[in-house]
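We just call them A, B, C, D and E in the order they show up, numbering each chain from 1.
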Amino acid sequence: MMRIGVADTTFARVDMGGFAVDELRKTGTGFKIQRKTVPGVKDLPVASKKLLDEDGCDLVIALGMPGKDPIDKVCAHEASQGLIQVQLMTNKHIVEVFVHEDEAKNQKELAWLAERRTREHAANAYDLLFRPEQLTRNAGKGLRQGFGDVGPIG
Amino acid sequence: MMRIGVADTTFARVDMGGFAVDELRKTGTGFKIQRKTVPGVKDLPVASKKLLDEDGCDLVIALGMPGKDPIDKVCAHEASQGLIQVQLMTNKHIVEVFVHEDEAKNQKELAWLAERRTREHAANAYDLLFRPEQLTRNAGKGLRQGFGDVGPIG
Amino acid sequence: MMRIGVADTTFARVDMGGFAVDELRKTGTGFKIQRKTVPGVKDLPVASKKLLDEDGCDLVIALGMPGKDPIDKVCAHEASQGLIQVQLMTNKHIVEVFVHEDEAKNQKELAWLAERRTREHAANAYDLLFRPEQLTRNAGKGLRQGFGDVGPIG
Amino acid sequence: MMRIGVADTTFARVDMGGFAVDELRKTGTGFKIQRKTVPGVKDLPVASKKLLDEDGCDLVIALGMPGKDPIDKVCAHEASQGLIQVQLMTNKHIVEVFVHEDEAKNQKELAWLAERRTREHAANAYDLLFRPEQLTRNAGKGLRQGFGDVGPIG
Amino acid sequence: MMRIGVADTTFARVDMGGFAVDELRKTGTGFKIQRKTVPGVKDLPVASKKLLDEDGCDLVIALGMPGKDPIDKVCAHEASQGLIQVQLMTNKHIVEVFVHEDEAKNQKELAWLAERRTREHAANAYDLLFRPEQLTRNAGKGLRQGFGDVGPIG
């Protein structure tokens, strides 16, 4: 049985981990879920690595909500670099789901965006593990997670 | 027989992977093609590494279409750093083909640019594997992929 | 018995290491503390790695106070990248506690902020090692260290 | 016999590889030269690593001419990070010779600059391998490659 | 007997390596010094790694004087990232001493600053190897190298 890790933070203002678990359960079966919560996005790389190395996960969904200040952007960048590095060390996918506070025009939209992006990426995570051909079918289709798809051109 | 990996995204708005496969087939023989599609450019490094490590590819063409916003530029930068790291871990070339949405003045040009750059880099990939002397012949010639060559000077 | 490393600097203007040790002792038992002081934040990554590799620490709290100039921001960024890298090399958490000089409006607030953030992150460090379920209970709660929590939304 | 690798690009507008080979031959003996040409600067790290790992080179001269646009600066930065990483993986020097298109005020000066900087760095490469004491003699002398030396102060 | 490496550049305009050697000799005994000079700061990471790996050094002082232009800042950043990476690969300290040309208001001050910062960091290097308790005594004291200390607050 596959094992999917869910890593999230106490810094986020929405229970993104909860949405990820819920969406994964709705999407399919054949996997167990392992959850780990850390203070902020910069703690996600090692948390993800421990989920992959120590808890035997086959894929991790890493969830975070970086703030709107310049320092928050730097933290998110460092976290993303770390998450990519973990993937290269383990040869396993980490689906990064970051929602920046300044992507939304108010708190209501931010909560909506965080939930929707998390759910759409949980489906991507499922596809990466169980039906990669579904992703290839959508290659070049201009898909987005959260706000609407922009669609293909040309 | 050589094996060439093609990694692309559902985020792109053009089927860059399809163009790469088509151009490789037109350019020569002696290789098989393995394709893998992921959500976005930040998923390309591990996808490429898996193509090289697990699927036995000798080279990967990594295709993406970063958006026009600052956050998209950061994502592209992180993806590029990861792609370079993969190459150093495997001692194999990854030909990165990124087309930024804001490189073109409209959607029609963007579609044209994505196809042309992909096709020209597919030829580069073929040369790297099968006829490296062709590249040395063009050293310092001011070649570009997509828009026209700027040519040599001096 | 667990071992917690505390790495701090002579560059900081507040004895952040002292606060971390004090708060850890107030928070619980079952661990020893190992302290190492270096000149600046860029020395923290290797100091932390030595604490983890050579001194057998299970977690490190890395404390620094970057200055307000652009070069200081770059140094902090490099230090943070290094601290993440150490975590990936050791599969152990490093709780980074950086207080930027320009986060506070005067020296008094800066001293207050450095102490409070250090103490709150020392508690996070304790939770990561001894009661991770406490962190999961706070997932998505909009917690902050130093200034007040922003709270959950939606 | 020592082996010096020369890695250059088809993107550059001047045959920097040719100048490097010519200057090395004029400077001394006791080495063979191995050349490898790639499309752009981001392909230089793995090309250099292959020269060092697979072709047995003892040092590589990596030559590139980044463009003048912001994206070109990012590419050059990524390439440089990769080139440093290769050196740390191999414990061998890579002499990076990058000439940015906007360093010169016109094409004529650009061609001149690319040749001169390449030749001066080829001499540095020779010194690193064969007479390191020559470099120590010039420590702190304000030497530059391409435009004139600025000289020592104080 | 301990071994301290001193890595410096021909790019610097002051003989920083000479000052480091002189200050180390004045500060204490029980160590040998190994010096290596390279063209610029981007060559310092591998030079430092070779000093640690091949020459058996226990610590390296890496000295450089980045220029005042944006490209110089990028080079310094890349060098610093490399120097941190070397430390993590070797579990040994590298004391980075960079003096930016635009930190001083004229050449005289620049020469003074380069000497003073080098000497103060040479003392730090000695402390890291021989009397680390001295650094812990100064934790949080707002020490600076070069210009005057800013002192503790709160």
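Convention: a contact is a pair of C-beta atoms (placed from the backbone, for glycine too) under 8 Å apart; a residue touches a chain by one contact, two chains touch by 3 or more.
Remember, predicted model here, so these are calculated numbers, not experimental data.
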Touching both chain A and chain E (chains): C
Minimum number of chain-to-chain touching steps separating chain C from chain D: 2
Shared interface numbering between chain E and chain D [over half = same, under half = different]: different
Cα-centroid distance, chain C relative to chain E, in whole angstrom: 25
Intercentroid distance (Cα basis), chain C paired with chain B, Å: 41
Interface hub residues of chain C, defined as touching at least two other chains: 81, 85
Category of the chain touch graph - line, ring, star, complete, other: ring
Neighbour-by-neighbour ring order, given that chain A leads and chain B comes next: A, B, D, E, C
List of chain A residues in touch with chain C within their complex: 8-18, 35-39, 42-43, 45-47, 49-50, 53-54, 71, 74-75, 78-79, 81-82, 85-86, 89, 107-108, 110-112, 114-115
Footprint of chain E on chain D - complex, ascending: 73, 77, 80-81, 84-85, 87-88, 91-96, 100, 121, 124, 128, 132, 135-136, 138-145, 150-154
